[in-house]
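We just call them A, B, C, D and E in the order they show up, numbering each chain from 1.
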Amino acid sequence: GCGSSGSSTTTSSAKISGEINGGGSTSVQKVIDAAGSEFSALNPDVKFTYSGTGSSDGIKGATAGTYSFGCASRDLKAEEKANLTELVFAYDGIAVVVNPANTVSNLTKDQIAKIYMGEITNWSEVGGADAPIVVVSREDGSGTRSATEELIGFAEKLKPDATIKEGNGNVQTTIAGNQNSIGYVSLTFVDKTVKAVDVDGVKATVDNVKNKSYAISRPFLALYDKSKVDDATLAFLDFLMTDDGQAIVQKEGAITV
Amino acid sequence: MDKKIKFNTKNLDLFYGDFQALKSINMEICEKEVTAFIGPSGCGKSTFLRCLNRMNDLIDSVKIKGEILFDGNDINGDIDVISLRTRVGMVFQKPNPFPMSIYENIAYGPKCQGMKDKTVLDTLVKESLVKAALWDEVKDRLNKSALGLSGGQQQRLCIARTIAMNPEVILMDEPTSALDPIATAKIEDLMSSLKQDYTIIIVTHSMQQAGRISDKTAFFLMGEVIEFNETPVIFTNPNDKRTEDYITGRFG
Amino acid sequence: MQAIKRKKQKEKIIENFFFICAFVAVASVLAITVFVFYNGVKPFISNSYSLFEFLTGVEWRPGSNLYGIFYMIMGSIYATVGAILIGVPVAILTAVYIAEMAGSTFGKIIRFAVELLAGIPSVLYGVFGLGIIVPYVLKISPMAQGESLLATILVLAIMILPTVVSISETSISVVPREYREGSYALGASKIQTIFKVVLPAARSGIMTGVILGIGRAIGETMAVMLVCGNPIAGIPTSIFDQIRPLTTNIALEMGYASGVHQELLYSTGVVLFVFIMIINFVVNKLVKAKVGS
Amino acid sequence: MSRRVSDLFIKAIIYLATGITLSVLIFIIGFIFVKGIGLINWDFLSRDFNDSVAYAFVESSDVPLSIDQNTLNDKIPYDNRYETALTKPSYVKNIGAAIAQVTFKNHSTEKQQFVITYIEADSPLLKAVDSNGTKLKVGTDYVIESINGNDFTDMSLAEVVSTIGNQSGKLKIKIVQPGGGIKSNIITTLYMVLLSLVIALPLGIFGAIYLTEYAKPGKMVNVIRFAAECLAGIPSIIFGLFGMAFFVVALNFQISLISGSLTVAIILLPVIIRSTEEALKTVPMIFREGSLALGATKLQTIFKVVLPCAVPGIATAVLLSIGRVVGESAALLLTAGTAAQIPGTLFSPGSTLTVQAYYVAKEEGNIELACAIGIVIIVIVIVLNILSRIASDKLDVFNKK
Amino acid sequence: MDKKIKFNTKNLDLFYGDFQALKSINMEICEKEVTAFIGPSGCGKSTFLRCLNRMNDLIDSVKIKGEILFDGNDINGDIDVISLRTRVGMVFQKPNPFPMSIYENIAYGPKCQGMKDKTVLDTLVKESLVKAALWDEVKDRLNKSALGLSGGQQQRLCIARTIAMNPEVILMDEPTSALDPIATAKIEDLMSSLKQDYTIIIVTHSMQQAGRISDKTAFFLMGEVIEFNETPVIFTNPNDKRTEDYITGRFG
C-alpha cells in the first residue's frame, strides 16, 4: 500500500499541511493517536484527529469520504471492499483473559471453543475449581470478536446466554469483577486486573505473536478511497510504515508488520 | 346573657412574623346564634376566624399569644386539633369543592372519620344536601364532578359538606361575596334555618347582610375589636365613633 | 394611518419568523421520525427479512442471518415495568415528603440533591451499576453472573427518580391551598388530606412525570448496556436472567452494522417508537378520562 | 384510633421512601467521589488528554546555573502522576535547564521518562521554535525524549545529561507536553452547551410561541405535541444516526462540533417546546387581556407581558437542556467524535466530558478516570444550574416583590 | 336625547360555539354618561361589555352577528382593532396589574403606542394617578412592584392605566366586587368625576351601586336586554315585571 513518496522522517523535506481526520476501530485508537501526534510534531502545519467509533463506521466513513482514512480491526467483508485501498499497518494479539483469582492458566483452543459454545460450562472440566463458567463476549461486528471467533473456531455458535459487553475496557472490568468469568481483549489492553491464559501452552506475548507461535491475532487496517484521498493523509500513512512509525506501533503495545 | 358561651377568647394576640394582625381580642361568642364580623379589608376578620379552628396552624409564620376557650377548654392546649375541626366546621370565601363527585365531596369528612357503611353515608349525604337547600338541584347528578356546579351551588355544596360533619359551630368567611343576589338569598335563608342547631360565625363585607342575618356583630379595625354587641345596637346606636363612621358609609 | 400600517407589517414579519421557527423545529422533529421509519420499514418492504420472524424470533445472530427481537421486547417490557413499579412509588412518596412534610430548608436541600441526580450522565449510572449493583445482585443470584433483569430494573428505577420526583413535587406544591384547607376544616388528618385530596388533585402533573419517567426508562441506553448482559437469545424467565433491551441492541451494534443488519437495527428503533407512542397514547387517554369525570 | 395507626404507618412508608431516595443519592455521589477524587488536581483540569509531541529547534548556548543544588532539588514540581520518587535533577548548561528521571505509571503502562524540572531565565529553551519558525512553549514538567535524533529510551539520567551536553549549535529536541488532563473536554463541553442552546433555544421558544399564541388549536398542533412527547423516549443513539446521515454525510459537515451541536439541538427541541408551551399557558389570561385592552398589539403583549411572566418556566427548560447536553453521549459519539482536543473551528471534532467518560470506561475500563470526569461534570452542572437560576431570578419580574 | 350616541348596537347576537349568549341586543349608549349593566350571574353582561372593544376576539369559539357602531363605524368591519382598543379602555373585575413597577404599569400603554419622551411620560403617569385618586398613596413608591399594592389600590391602578391612554370610553366589569367599602367609595367617587370627560360603562352586581352612580341602567336576563332606561326610572318605575322582581329582591 504505500503509493506516494511523501515519506518525511526529516522536516526539511517538502512541507505537508492540511487536516487529517481519521476514524473507526476503537482498538487501534491508542496506536493511531500516538502516531498522529508524532506526525503533527514533525509537520506542525498538519492538524490530526481520530475518532474511535467502531470498525464498521471506519469503513463506512472511508467509503463516504467523511473520514480522511478509516481504520478497522478486522478483515473487510466482500461487500465492504468497494473502492477501498487497505493498508495493514500493525497486528494485534488477542488475549484470552480470566479473573486473577482463577487457578486455570492454560487452555487449549478446543477447550476455549467449547466454553464459548456452551459445551463446557464448569471450570472443573478444565482443571479449575467447581464453579460455573461465565462467558463474556464482544458485540456483534466487533473486529476483536470476529477475529477471535474465527481463529478459535466458534463462529456463529456462541452460546445464547453469553454476556455481551461493548469495548475492551468493559470486558476487562467485567472479568476483573467476576471470579468465574472468561473473556478476550486486545493484547494492548491487558493489565494486572486480569490474567491472560496460555493458549495451547503458548503465552500471549508480543514476541509470540510476532513469531506466529501464538495464533490469535488480527490485522489493524487503514482504509482509504484512492480517488478521494489527499496528500497529507497519504503522507501520514507512509509515515506509519516507516521505521519511526513502526517504532510507535511497538511502543503502544501492538505488533509491527 | 342566658345562652351558653361557646367560644371565649382572652387577650388574643396574633403575629404574622413581626406583623401583629390581632391585638388583644377578648370576645365571648354564644351558642346557637349568628355572630357577624365586619370591618374594612385587612383588619383581621379572616385571621380571627381562622384562629377558632386552628386553621392558622398551616401558616408557618404565625405566632399566637393568649387563650381561646372552646366550651371552656383551651384549643391551643391539650385538645386534639382534628377533633376540634370536626366540631368547628368552616366554609371559605371562595367555594372550594374537591375535584371529586358531589357525593364524594359530602362523604369525604365522615369517611375520614372512619364511617364506611354505605347506607348510613347515603342518608347522611341526602340529609346534608337537603339542609343546604341543594338536594333538588343535584339529586340526579350526585356522581358528577362538583366542579361542574355554578358558584352558588358550589358554595352550598361546601356548606352541605360542613353540615355532614354535624359540627357544633360553623365558621363562614364571606360565603356570599362571589355570588349573585339570587344565590346569596338562598344561602342567607339557609343560615337562618341552620342557626336552630348550630352556632354560626360569619365574616361579611356587606353591612346589609350582617344586619339581616346576625344576632350579634363585631366591628374590627386594624386588628382590634372596636365594638361587639347585639346587631340592632351596633347598627342603630353604636358606642364608638369609628363604628358609626363605618356603618353609615353609604356603601353596601 | 401610515404608522399603523408599518406596525402591522412589522407584526406580520415577526409572526412569520415565529412560524419559520416553529416550522424548522417541527420539521426537524418530524424528519427524525420519518428517517427512522423509512430506514426501519425498508427491509420488510424489500422483503430482505420477514416482519413476522423479526417480531416473533427469539434469537439475534446477525452472522447467521437470524434477527429475532421478541425476547428483547419482553426484556424491555419487564425492565420498564419493574423500574416503574419500584421507582414511581418511591419517587412520588419522596415528592410528598419534600412538598408536604419537610421543612422548607431541608426540603430545598433534598430538592437540590435530586436535581443533581438528574445532572449525572447516564454512563456514570452504568459504571455505578457495574461497580456496585451487579456484584450485589451476583451475591444473591442463583446465576453465575450479576448482569440481569434485576440489576437493570434497579439502575432504571434509580434513574427515573429525579424526573418523577421533581415533576411530582412541582405539581403537588401547586395544588391550591383551598383544597388543603377545605380538607383540614372537615377534620381530616394530614395524611388523609395528602392522599385523598392533594395527590388526586395533582394527578395530571404526576402522570406527566410518570410518562417522562417511562420514556426515560424505555429510552435509556448507555447505563443499561453495562448491567443487562445483552445475551443473543432467550426470553427472560426470572429476574436473575440477563436481558437485551431494544435500546442497547441498537447502541451495541450500530457502529459496526451494515446492510440488512443495519436496517433491522433501525427497525428495532421503529418498534421502540411504536412502543412509546402506544404508552403515551394510553396514558394520555387515562389522564383525560379520569380528570374529565 | 385506627386512623392514627394507619396515618403513622403511611408516614413511616413516606419516610422510608425518602430515606431510600436519599441514600441512593448519597451512595451514587459517594461512589463517584470516592472513586474519582484521587485523580482530581490542577494538572487534571488544565492539561490536554493526550500527550502532545513537538520538535523544538533551539540554539545551544552556555547558561550558568544561577541557584545552588539544594534550591534546584526543591524545584521538583510535585505531581502525583509520578508514583516513584524523581531522581535528583541534573543541570545541563547548554540548554539551560535541569532534568530529572521519573517513573511514569498509569493504569496500564509503566515507563521511564526524563522531565524538565527547572529552566533558567535566559535558557535557549525559552526561545524554542518549531520547524516553521513559530514559537513553541516549553515549560517545566515537559518530557524530553530525544535530541538531534538520539533517542533517550533505555538511557540512564547520566547518559541523557551527557548526550545533551555533547551537542552544540542548532539543537532539535523532541519534547512532549504531558497529557492526562481534560481541559479540552471541558472546553468542548462548554462549546457544545453554548452552541446547541444558541441553536435550539430560539427555535424552540419562538416555535412554542407560535404554537401556543398564533396557531389555531386543533389536530395539527396536537399531532406535533404528541410527536414531541414520543421523541422524548427515543434513545439518543437514533438521533445520532440521523445526525450522522444528515449533518455529517449529506451536508458534509464532517464529524464535528457543528454536526454534534445540531444533533443535540434536535434532541433538545421537544423538551424546550413542551416546557415553554407549559410556561406560556400558565401566564394568566388576565395579563394578556389587560395588555390588549390598553391597545398593545399582540406582539407587544407577547414580548412585554407574556414572555417575562414565563421566564421561570423557560429557565427550567434551559436547565433541563443544559443537563441533557452535558449528559449526552451516544448521539455525540457518532456526530462529534471522540477526539480529545479543543475544536479549532466549528468543523473540527471534539469530545465532551461525558463522551470522554464513556470512552475511557468502555475502551480502557478506567473507572477511576470516568468517575473523576464525573465529578467535574457534576460541578459544571451545579455551576450552570446556579448561573441560570441567577439569570432567571434577574429576569423574573413575575415573582419580584 | 340630546347627547351624542357613542355606541349603537343593532341586532347583536353572540354565540359561544352553539350556545347563544347574547340575543338580538339593540342599545344606544350616550357620550359622557355612566351606563350600568345589571342582571343575574351568567346573563351576558360581561360578554356584551367585551364585545365593545372586541375582547371576544381572543376566544376562538365566539361568533358574532349584527352590528356594533362606534361613532357610527362598524367595529367588526374595517376598523383597526388596536386603535379601537386605545379609544375604548377596559378595567376588569379582578385587578390585573402587570408584574412590573407602578410606573411601568401606567406607562405601558403609551409606550406601546410609541411614546418615548421621558418627561412627557412622567407627567402622564402623574396625571393619571392623580385622576385615579392614587397619587398620594403611591407617589413615593412608583418604582416598586404593582403587585405589592392592596386590592383597592390595584384596581385604581388599573383605572389609572386606562386613563393614561386617554380613551373616549371606559368599560368596567364589576370593578369593585373584590373591594371593601372604603375602596369601593373611592372608586365610585372617581367614576363620578371621570364622567365629565369619559363615557363610562359599568357592570355591577350591586343595585345600590348602579343606583348611586349611573345615569342609565340596562337590565340583562338570559342574554337579552329586558329593559334599558334612565336609572331612576328603572329603580322606581320599571316597565317590565321581571325587572321589578329583580330590583325589589331584598339583596344588595
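We take it that a contact is a pair of C-beta atoms (placed from the backbone, for glycine too) under 8 Å apart; a residue touches a chain by one contact, two chains touch by 3 or more.
If you want to know which protein each chain is, UniProt gives these names: B, E = Phosphate import ATP-binding protein PstB; C = Phosphate transport system permease protein; D = Phosphate transport system permease protein PstA.
As the structure is a computational prediction, the values presented were derived from the model and not from experiment.
The minimal number of chain-to-chain contact steps leading from chain B to chain C is 1.
Using CA-based centroids throughout, the chain positioned farthest away from chain B is A. When C-beta pairs in contact are tallied for each pair of chains, C-D comes out on top.
Our note on geometry: chain A versus chain C, Cα centroid distance of 36 Å, whole angstroms. Averaging C-alpha coordinates per chain places the centre of chain D 58 Å away from that of chain E. A straight line joining the Cα centres of chain A and chain E is 81 Å long.
For the pair chain B and chain E, the distance between mean C-alpha positions equals 34 Å.
Residue positions of chain A with contacts to 2 or more other chains are 53, 57, 166, 170, 173.
Under the contact definition stated at the top, the residues of chain D that touch 2 or more other chains are 3, 297, 334, 361, 367. Along chain E, residues 82-83 each make contact with two or more other chains. Those residues of chain D lying in contact with chain E across their complex are 216-217, 284-297, 300, 304-305, 308-309, 397-401. Residues 3-4, 7 of chain C are the ones that touch chain E when the two sit in their complex. Those residues of chain B that touch chain E in the complex are listed here as 40-42, 150-152, 177, 179-185, 205-208, 212, 246, 249-252. By the touch criterion given at the top, residues 7, 10-11, 14-15, 17-19, 21-26, 28-33, 35-36, 89-91, 93-94, 96-98, 101, 110, 113-128, 131-132, 158, 161, 165, 189-192, 195, 211-212, 214-216, 218-222, 226, 247, 250-251, 254-255, 266, 269, 272-273, 276-277, 279-281, 284 of chain C touch chain D in their complex. Residues 53, 55, 58, 60, 82-83, 85-86, 89-90, 92, 94, 96-101, 108-109, 112-113, 145, 158, 161-162, 165 of chain B are the ones that touch chain C when the two sit in their complex.
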